[in-house]
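Following this line, the structures themselves.
Both complexes below contain chain A, partnered by chain B and then by chain C.
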Partner chain A sequence: MRTRYILLLIAALALLPWLVGGRYVFHLATMITIMIPMALSMNLMLKIGQLSIAQPAFMGIGAYGSALLTIRLGFPPALAMLSGALIAGALAALVGPLFLRIKGVYFVLLTYAFGEIINLVFQEWTSLFGGNNGLYGIPKFSVPGLRLTQPQHYFVFGLLLSALVYWCMRRVERSDIGAIFQSLNEDEMLSRALGSNALSWRIGTFAASAFIAGLSGGLYAFYIGFLSPEAFGFMLSVDLIVINAIGGVGTVLGPVLGAIFIVPLPEILREAREYQLLIYGVCLVVFLIFFRQGLIAIVQRRKADA
Partner chain B sequence: MPELLEVRGLTKRFGGLTAVSKVSFSVSDGEIFGIIGPNGAGKTTLFNVIAGHYRPTGGTVALGGHDISGHSSDEIARRGIARTFQAVHVFGTHTVRENLRRAEVLRLRNSPRAYFSSRKAAVEADRLGRVAGFVGLGDVLGLPAGGLAYGLQKMLGIGMAIMAAPRLLLMDEPAAGLNSSEKKEAGLLIRRLRDELGITILLVEHDMPLVMGTCDRILVVNRGEPLALGTPAQVKADASVIDAYLGEDYDFA
Partner chain C sequence: MAEQIIVNGLLASLIYVLMALGFTLIFGIMRIVNFAHGEFYMVGAMVVLFLFGALGWPFFAAVLAGGLVSGFLGVVVERALFRPLVGDELAGMIMSLAVGVILQSVALLLFGPAEHSVPRPFTGTWSLMDASVPWDRSIVALCALAILAAFYVFLKYARLGLAMQAVAQDPDTATLMGIEPGVVYGSAFGLACLLAGLAGALMAPIYTAGPYMGELPMLKAFVVVILGGLGSLPGAVLGGLLIGLSESIVTTMINSTVALIVSFAIVLLVVVARPSGLMGRALR
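Then we have the complex of A and B:
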């Protein structure tokens, strides 16, 4: 029930950019809606007990994929976006059987290396990806009869995508898949002895999380209109970890709150740019020590008291 | 007609240590088959190789004539071999009912493909109730599994294993940690699993009275090698078996 109030609060918050107005406010709001699916894609992996540092790489594949499919092959943007995400998902499904046999810190390192390799490909294959000079000339997103040109258009698009991903993940959490994930986390040996193919569940989850990251990348590409490899680097993973830790990893709503809180932070702290990482670090330490369950737990407790 | 379970020349080495060496035996349909041996004899390793937890170094395991050696534990489970654990393995924070339901869900919806290709696995409430009643948990379906007495948690483990209606049930020391009256009940339950549900049973056990009183045939292993194979009476009379246990405080009841 309380989740419903928080969702209402978020919906009210989503109207804020129209009240405040201005391109820049819409830009920030749109970036939040791009980061929400990203944070959720990392959260999905955390649900199976794996921290994946490869999510920005999958976002990049979705972004470059959408861009190149529209520019080079003339795909309609919607189809290009879906294809880009599917390519990201397919790549995850391809490397998954290898990666997901590995657990814990080794999996983190492996996905880190994988992310760096993908990023290097973006940087070095200049004829295709434009290298560090970037990839220009990405057309605006359009479907027949509708062309998204203004930041507020992309904000609405982002809201829809975030809501869709959130809704899907909530459904999954409440379904038997949620029970299966829980079982595999609690007692993998028992779950496997009962017949559960743990590896195939992990691969499926990895592919789904890459697909979500790919969609987010597609939206980013059409919104920004220009791609450069550093947007999909290690720093994005750090942001996603901070968002998940501060928002709370235990629920689907946690990362959503985390993204709403963290994404605008660099802008609010603009005056203190050199202290930004420091403030990140302090926030993270405070949350990990005092608010293990994240923002979501704080909000829910307040509601319970009221 | 092939035997239900055929183990041929099974060997498992860990580095230089040979834990199981060329063990062969077969279990017929409807049999209760026991494996005993002194501590460190390789019983548990043998069990874990059959259950797919370890890959054999050599030899084969066949179920109903199909080679299953080297298959993963979940693959083996899906082929109709269920298992119970020596220690308690249940989903402790969930109710007994949810534990039994999960056993069904984990088996039927074992992979994303199985999940999306089959209709929702409707766990028949009466079957769940029957299994709970069979293992003596009919009255505690709504209680959290972790709060049950140790003996009851082990019964739940058996209940979860038989939800799958397995052809063969592997039991790893079913009597471990139970008191003497619970041990007697466990022995009776094992017989009822075979007599009433038709499940063939392979068990590894320390408790001599339970093994001698329950099993149709017994394999004795020592230092990873088969020592004797026969009925309880034959095994008890075997000189090499008595020799292997000499000095150990075993009571052949």
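Then we have the complex of A and C:
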């Protein structure tokens, strides 16, 4: 019931850009809707108890994949976006059998190294990816009869994508699969003894999370129209971790709240531009020490008190 | 050619080892992956920039001050921010990200985003067989060796050093033997930051100093430590040498980006084949 109120609040917030108006507001809102699926993709891995820092790399594969497929091979954008995300998912499924045997801190380090390699390849393979000068000339997203040119178009697209990913993850969380995830996170030995094929579930989850990140990357590529490797670097991982930590990792709604709160933060702090990063860091410290369960816990507790 | 590659590799690896030892010490004792380690390196370099570059202190006094400031900062940060999270690996890791962001932004506020060059205290080169070795890098290497020797003696003979080893091996038994974990946590974190600060302070005149200078050494320390085995001190030394040499070879043959890719690929293979690294103990 309480979740429903929060969702209503978010839906109301989604109308805000039209009330405020302005290109920049829509840009910010669109970036939030690109970050929500990213944050959720990291959250999906956290559900099975593994922190993957490779999510920005998968986003980059989705972004470069859909851009190159449209530019070089003339794919229609929708097909290119789907293919880009599928490539990201397939790569995850390919390395998954090796990576997902590893747990805890070692998995974090592994995905970190993997993400860095992918990013360095984007930088180094200039003939294909354009290197640090970037990749230009990505056409706008279009399906027959509809061409998305304005930020508000992409905002609506992003909203739909975020809502879809959120809905899928909620469905999964409530289903038997959600119970399997929880059992993998809490007691893998017992879970396996009860007949769940732990490794397959982990690989499937990893591939799904890479696919989501790839979709988000495709949307980003068509929206921004220009790609550069640094957008998919370690700082993005930090942002995603912050969003998950501040929003709260325990629920699906947490990262959504986190993204809504964190992505516009640089703008709210615009007056104090040089203090932005500092405030960012201090916020994180405060949340880690005092509100370990994240924003979601605060919101829900307030609601309970009222 | 071959001599030059080896000399370059050895000079680079000594700094990697200084960074990696602290990084691995923190992990071995507190189970925290310290993403802020590069920022403590930066703090050391910034202190040298200020004291040696601006106020004209003698170079070695400034280096020592850089190490001490960084180490003191480490002790404070550990007590205030990391101690409450002991035992929670993920929260500790996120906290280190936050500490890194804060240190970086404070440096940004104090010194601005530009890279500053620090005057060189030593110039010229000397030749070793067919390789030419810059004097400033040789001095850095000598200092690094001296610091490593002191660190070794401390761990091997000092009571506190032995206590650190005991906690790293088995925290519960160490506590039963009357070792106060809090003291060990604080001093290990401080010592690790002292090492990083000294490394940064020594390297400040060789490269430029800026708020973002810690990112690359951090990356290298990361690679070295995973290769050698998280928490293993001999592993950090071996890993530092291997990575320093392999990078020197690939950088000479192709370029430094490919060298970095090769390093990460090595790490990937090591973690997949043997997660505990070359010298690490088996996973618990």
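Worth a mention:
Operating definition for what follows: the second predicted complex is superposed on the first by the 305 of 306 C-alpha atoms of A that agree within 3 Å, B and C clash if a C-alpha of one lies under 4 Å from a C-alpha of the other, contacts with A are read in each partner's own complex, and residues count from 1 in each chain.
The rule is short, and it goes like this: contacts are C-beta pairs under 8 Å (C-beta built on N, C-alpha and C of every residue); 3 or more make two chains touch, one makes a residue touch a chain.
Here the structure is a predicted model, which is why all the values come from computation and not from measurement.
Once the two complexes are laid over each other on the shared chain, residue contacts for A:Leu284 go to chain C alone; chain B is not touched. Contact with chain B, but none with chain C, is seen for A:Gly195 once the two complexes are overlaid on the shared chain. With both structures placed on the common chain, the touch criterion links A:Asp176 to chain B but leaves chain C unconnected.
Which of chain B and chain C touches more residues of chain A is settled by the count: it is C.
Shared-chain residue A:Ser142: touches no atom of chain B or chain C. Residue contacts after overlaying the shared chain place A:Ile102 against chain C, while chain B stays out of touching range.
By the touch criterion defined above, A:Asp187 lies against chain B but remains apart from chain C after alignment on the C-alpha atoms of chain A.
Per the touch definition, chain C reaches chain A in the complex via residues 27, 31, 33, 81, 84-85, 89-91, 93-95, 97-102, 104-106, 108-109, 219, 222-223, 226, 230, 257-258, 260-261, 264-265, 267-268, 271-272, 275, 283. Contact residues on chain A toward chain B in their complex (touch as defined above): 176-177, 179-180, 182-183, 186-187, 189-198, 200-201, 204. The residues of chain B lying in touch with chain A in their complex are 51, 53, 72-75, 77-78, 82-83, 85, 89-93, 98, 102-103, 105-107, 109-113, 115, 120-121, 160-161, 164.
Residue ranges on chain A touching chain C, taken from their complex, read 51, 98-99, 101-102, 104-106, 108-110, 112-114, 116-117, 120-121, 123-124, 238, 241-242, 245, 274-278, 280-282, 284-285, 288-289, 292.
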